[in-house]
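The following pair of complexes shares a single chain, chain A, combined with chain B in the former and chain C in the latter.
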Partner chain A sequence: MSGFKVNRRDFLRVLGWGGASTALVGCDMPTTVTLEEGKEDVVAYFMPEEYVIPGVGVWYASTCTQCAAGCGIHGRVREGRALKLEGNPESVINRGKTCMMGQAGVQAHYNPDRLTQPLMREGGALKPASWEVALKKIAEKTASANGDRVAWLSGAVSGHQAVLINDVLNTFGSKQHFVHETIHASVWQAVARDMLGDAQPVLRMDKAKSILSFGADFLGTWQSPVHFATQYAKFRSGKRGVLIQVEPKMSLTGGSADAWVAVRPGTEGILALGIAQNLVKRGWAKGEVPAKLKEVLAKYELGMVANATGVAGDRIQRITAALKDHAPSLVLAGAPVEGGENGYDAVSAVMLLNILLGNIGQTIEPAAQFAEARMQARSGGTRGALEFSKLAAAKKLDVAFISHANPVYHAPGFMKMKDAMANVGFKVVMTQFPDETAMQADVVLPLYSAIEDWGTHVAAYNGGVATLSFQQPLMEPLYKDTRGFGDVALSLLKQRKPKEYAAFNDYYAYLKASVSNMPAAVAKGDKNKDAAWNALLQKGVLETKATVGKFKVNTATVAAVADVSADVQFPYRLLPSARLGLWDGRHANSPWLQESPDQISKVVWGSWVEMHPVTAAKLGVKSGDYVRVTSAQGSLEAQAYVFNGIHPEAIAVPLGQGHQEYGRYAKGLGVNPYAILNPVIEKKTGEVAAYATRVSVTKLDKSARLVHMGSSDTQMGRKLVSTIPATVYRRTEGEA
Partner chain B sequence: MSFKNILENWSAFRKDAEAGGHHKYDHRWGMAINLDVCTGCNACSTACYAENNLAVVGKDRFEKGQAMHWMRIERYWDDADRQFPERGASFLPMMCQQCGAATCEPVCPVAATYHTPDGLNAQVYNRCIGSRYCSNNCPFRVRYFNFYSYYETWAEPLNQQLNPDISVRDKGVMEKCTFCVQRIRASNDKAKMENRAIADGEVQTACAQACPTGAIVFGDTMDPNSAVNKLWAKHEVKRGDYLSKKPKVNAEKRGYRIFEELNVDPSVMYLERVREEI
Partner chain C sequence: MFYKHVCKLVLPPVLMFVSLLLISGAPARAELAVPPGVTPPVGTHAGEDVPQPIEFPHDIHVNINKINCMYCHTYARRSKVAGIPPTSKCMGCHKMIATDKPRIQKLTEYFTKKESPKWKKVHDVPDFVHFSHERHIKKFVFDADLPVENVEQVCGLCHGEIKAMTVAKKNKPLTMGFCRRCHEANGGPGDCWKCHK
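What follows is the complex of A and B.
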């Protein structure tokens, strides 16, 4: 600190805090940290480092970054190697549990295709360079850039990483931070904001006695899957809640449903209004129903709704009765609903059910957000990439920084992201892997893996408890020419504001100083800063104060939901379904996750096209036959998987494959349905309507065995998975 | 040896299976898997790959049925003949059932697969000659054979993730779920050093630890206070029940063991899936 005059408020702002007045104590920040001092020396194996006990594994707390949910983890380290990740029981997100992607975190770290040194474009090709040269090049190229001609495109980020991105952009006077996530809940959040006054309400599945989910794959890909799975376990225990899943294609959550209801793709919102109408008509709606709302609902009579959705009228009545009988309930909407061209209206119709059923305040509670706004999660959907691609294509960007994201692969084909990026003056890509976006960069900065890096994380969905989750290195970096994301961001800041950031030799020093100066408004401080810091790292999570909102219920935005139009040339709707495992494709380079079968189809190592037996019969297709799926934007070819867990008017092609780069395990495997999406935008949110593309299917003259797990699709009369009716369960265990 | 002595020693081993049969057990590790909360998510299976150095075989070998997933999730369609699977899918986590009367054990020509005093079907890798008789004899299809030297396919530095607590198997060796025997042994040793009994919950298999819904409960079925034993008791599943040749005493209890009729005395109890009629 000495030698520079930085005023206290600025100092706190630099550290990510809004500037609450706390007394500053002397900062004796360590200049560097290594887990293994003297690594360069050759030391005999039988003379281990002081902290290494041969044969004994030690556990360190950290945070999983395999998706944006922010689960706390424990990593097992033996003889300096990280071996296994488990859930951190202290984390309110995952309560000691992990999903398959969390388990595969070690493979993202030890992946053989990681970038090991910076790359710079020279004469059209990317060539190895040193960090000094690469950073100097960035300093040169960005020196005269300013304002909104500088942009940062990232995946979901939070904590101090979000602060640093924001601060780098501030040095340019730019506000252009775009967040791009293929798997998102942006429409749900927009509707929650407009109808409840809270974009991220807490969903208490543990309190609910029934869940009606319109395609929300909360056990697989929706918001915080492990958190919801722990909640689901409570939901199913004791009196046992009832799960009704309404969707055009069976998701992982649909596989666990008491009642799985196939709905005509794109008409989920109509069904929701039909149920709402039925609730009002039978006098089961809680509270006063506004006249305007009654007017909207009037035309959603059973006959009309059954006709539009393909769900029989008596079924709709039984679903309505189930919600009333098993109160309190919880009604959710996920990707197939959010991704429709009528997404906002459809999700509004779903949210209306929560209001009519009296769930607000019962199973839906106001969010408790992390007290420091600048560290809150920046989640986003596909709108970020869309805006970014438009700016880039219009040559409105001189400099683009890209981190935590691979837009060239993830953006739908119609955005022509690769071509758009060619119009950006200078592109810096920070990544761990040689992905599609890195290949378009001018400078590629190779990052530490999550297991080597420092960080702090604030979950976008926190289940009602605000926490700051710490990420710490579990081992020394594998490659000496890689750097941490925070360190890189600090280097960028030092280029432009040397004085403010001079006190921090590295991201570790920055984080420690920030946490030591945490304002009382965020968390209660501890006088012994070092001990407090160590205790935090040991525990991994810090419960903080929260800003708790208050609901303001509003049904004025509920409107009629437009029906989907038929199309003779393209008779089917394309469902680019997501799956826990490969996620949006970011985990396609993990051999474990490639070899782990899709939970529903059980297919491994590739892409497939799901269709209903009725559709297959019409096309003369059986499982294993190659088919071509064509939209107005293009076509793709893959093997068919025929099963009855999909609506006959839908064709599903899972996300995750079709990489053109991204290392040996991902490259050239399967197809990416996002490549053939039609440019349909949901008008009220600006998100890509990913489930609104219409396609045709033709059979190709080629067939092969579809590589999948298991030889028998049925139990063939054996008692393998036995099922009992809930009436029996209630008699014997229900009250337990 | 007198005739009396033979009779006395003989009777010491003439216990019914519930009391351990002809084995003298210290522990009997077992599981309870609640199929009503199992979501089929694959967390257990991937955790098993991470813990047990399982080989990734790739697409071509997967097609030939050579995948090494010790813990796999079977998915069955019970409504395959209906228009839609209206009661969802049937997921079944399947791994070695560590049978008390295992069919794999007596057929091994070299005694590479044998019964341990804590109730596991152990596989001695360096004794195994790869006859694959055990695999042929397993009704659960949970034994996996190394057709290749998969360690050669572990690209640097993926091999640095390998768990040093257990071996990497070579070509020609049979392998299967061990109930994470390395974790059991470590906890056993620790308890012994601290001169105490091993506590319930002290050992968790990798699959049980990862399971997001807590569907898998692992523990010592001989410990009357263990969570797993309490579940077995609550659902009226007993070891050695097959000797009675009676159908389940209480049809309303959810507990059952797969292929009970084969009399192999599995150590894994499943709890039935529940479905509400809507």
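What follows is the complex of A and C.
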């Protein structure tokens, strides 16, 4: 071998020829996967409809239910199979676009671990049962239940499904509908309600010239990612808007920012007040600044703020100037701010910036809410599960219905949801998958996939246009013993009020009747209701009447933001970061989404612990080393990922893994940071302060290669992406 | 022009019935011609015998009765797949024709049960290959102004001489090399994404 010298050029030449011949040989090698002759069946239509052409797809409009944003979709159906989902251009939410989770909707449908028949608990174990037997059991067990001893816990829900849940609870005289969502914006909504008089104001990024986002990952996980991505595209086109992202760990949005500012975790509100103070001091604040507010702001001098937040004083001044120079602006707050123990105050400080900058009425407009309150979105948060778990633990629930939610997995460990649920007399879980919650049920009712079911959806965040988005089956159900959610809810109603619901054979009939009877639903003077209904389904969305609010600006709720305390035993703050993809863990059973690398760290599958190089050096840890992250509630172990996009005081463990059930792709993979959250509750909203847990980190005596895309984080001296010095950037991009 | 081609496809069942009565004995085997101006793809494949639920005789249909390929595989010119004829289409003729033959009786059984036979796939390409019959028929038949009754020459480029077989047997490799050689020789597209999308 030593006598055989190859220079690089020769090597490439050899590779080139070798490559070509290999390719040609490869071209004639039949693969063994699908090319076997006579192995696959091909069944012709018996008697096809005139318009059916095998191989040619037909597109149907429906609604994505992969997250609660409510994007409209088009599904391509070929030979009776749904094959591909795309955005519906008619939808004002997503204007023809989808995100990767939306695309993966087909995997939720074809997932091999779906439940295919009802299960009933017998002698401690769940055993297959028929629908008749399961529904009979429910009728028996719920016959004497009443009042608030009956509860329904669901994921975010809207439209006619929300109406049905409400109606079922009404038959018991119960008002206990809890809505649980791990990824939520309820603190933002509470603050908007209190300071603007409108909980869901419309955010016009397209009108903004600059955005200052405190951890709002609006391109990834905040409220309506696809909607904001389309808005963001407008914001960046024309005269390019300036995006400044302040957060303790780089999010997908942070990765796109012109300036990314690492802030000491938990002090974002202090920084916001510092900027507010700077605006007032430099005389840039719009409108009258109330004396009480001036008093609150007084102590947030640059020096103090820089000290608390770790963001230098001159930088704070530059951010302030950028907002003034690039008006109108838009200031947002996301999960790391909302999830602090001071979440409400911190978000109030952020909202105050919008008021001082004169954004209200400019880039922030009043919401146009769907006119019918019963159908409006219940977007939920973590408070619902907390209240539910307390009631359950105190044995105050005889019957619990759970739909489209997996609280046993999603609720933080301190809620002890599994134990709490053991104290509920009778639990009915409606789900598509054998998830952690289903395993605790007395009766499990297997649901249709979103692609098989009917529904209507009203988005919590609608971008200013109220619409009702239709969900219609794209194909026949794969499993004959599964049922639609609406059908199940109707069965429950029929058990209790047979006469009232006798007219509706199924949920389809109910939906069609309800929609046709909505005054705005069918165009005036339209005699042929069937034609109108079909046209609606074809379009997929119905623009409806909206109640447009009026802002009542109020800064009286703005208060000092408490600093986060240091802790010697637990020196770091835990960031249970979410990402577009696995979301809150509901998509951990989708191989496509498991395989899609985390947008920042590029890690695939599994869990990992993100830390700053300074932190890693202190701990003697390098990427791939196993570490133990310990809070007062417990600990978890995973491999470290060392990178610069995180504050040295923060430790991030992504959400989404650590399932103990949930099918072959999710079960037993990685760890769930929610298992070790401290029981910290944001006092003014009652939400779990998910970003307020302090942890310590220890290095373990084990290391392995971390599986992630790309081998290097640097360009290794090659000018693959050209860069300019910060000083030049500041001159050209106006960061003052 | 397209309409003209379509009209030629429709062979009235009665005519087929008559031709069946006229012809007896084994058909003479004619070599399959190559469409004019086309360089056929090079490559052969020794296909397996694939047992089918009904031993469908291509030879009787094509060689003896001269039924056009696209009469039964009617989607070939409209879709990526050529399509297996619907059972109802078979019965369109076989309600009357050859009703005493065991194979037809078996077919009638399926039809009465409102079922289609589970045929076994003989020709296939992997899922990551987007092959369209429609594009190929357009190029080699309609755009080339090939008389539509000669379509079997085009089908034969990839399927071989089906009219000499009873049930179909794969006799071309249908590999990427096979496809590429033909694309190169006949000016087909060379971009990866044309087939892999």
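We adopt the following convention: the second predicted complex is superposed on the first by the 658 of 736 C-alpha atoms of A that agree within 3 Å, B and C clash if a C-alpha of one lies under 4 Å from a C-alpha of the other, contacts with A are read in each partner's own complex, and residues count from 1 in each chain.
Criterion: a residue touches a chain if its C-beta (ideal position, glycine included) is under 8 Å from a C-beta of that chain, and two chains touch if they have at least 3 such contacts.
Just so it is clear, the model here is predicted, and its values are computed rather than measured.
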item	value
Which superposed partner A:P725 touches (first chain B, second chain C, both, neither)	first
Partner chain(s) touched by A:I53 [first = chain B, second = chain C, both, neither]	second
First, second, both or neither for A:N111, with chain B first and chain C second	first
Which superposed partner A:L580 touches (first chain B, second chain C, both, neither)	first
Which of chain B and chain C A:K512 touches, first, second, both or neither	neither
Comparison of chain B and chain C by chain A residues contacted	B
Shared chain A surface residues [contacts with chain B and with chain C]	55
Contact footprint of chain C on chain A as seen in their complex	24, 26-31, 33-35, 37-48, 53-56
Partner chain A, residues of chain B touching it in the complex	35-37, 39-43, 45-47, 49-51, 56-59, 62-63, 67, 69, 72-80, 82-92, 155-158, 160-164, 206, 209-215, 252-254, 256, 258-259, 270, 272-278
Chain B-facing residues of chain A, complex	55, 78-79, 81-87, 94, 96-100, 102-104, 106-107, 109-112, 219-220, 225-226, 229-230, 232-233, 236-237, 240, 242, 244-245, 250, 252-262, 318-319, 322, 478, 580-581, 591-597, 599-600, 602, 604-606, 643-645, 664, 705, 707, 709-710, 712-715, 718-726, 728-729, 731-733
Residues on chain C engaged by chain A in the complex (per definition of touch)	43, 47-48, 50-51, 75, 78-81, 83-88, 114-122, 124-127, 133, 170, 173-178, 180
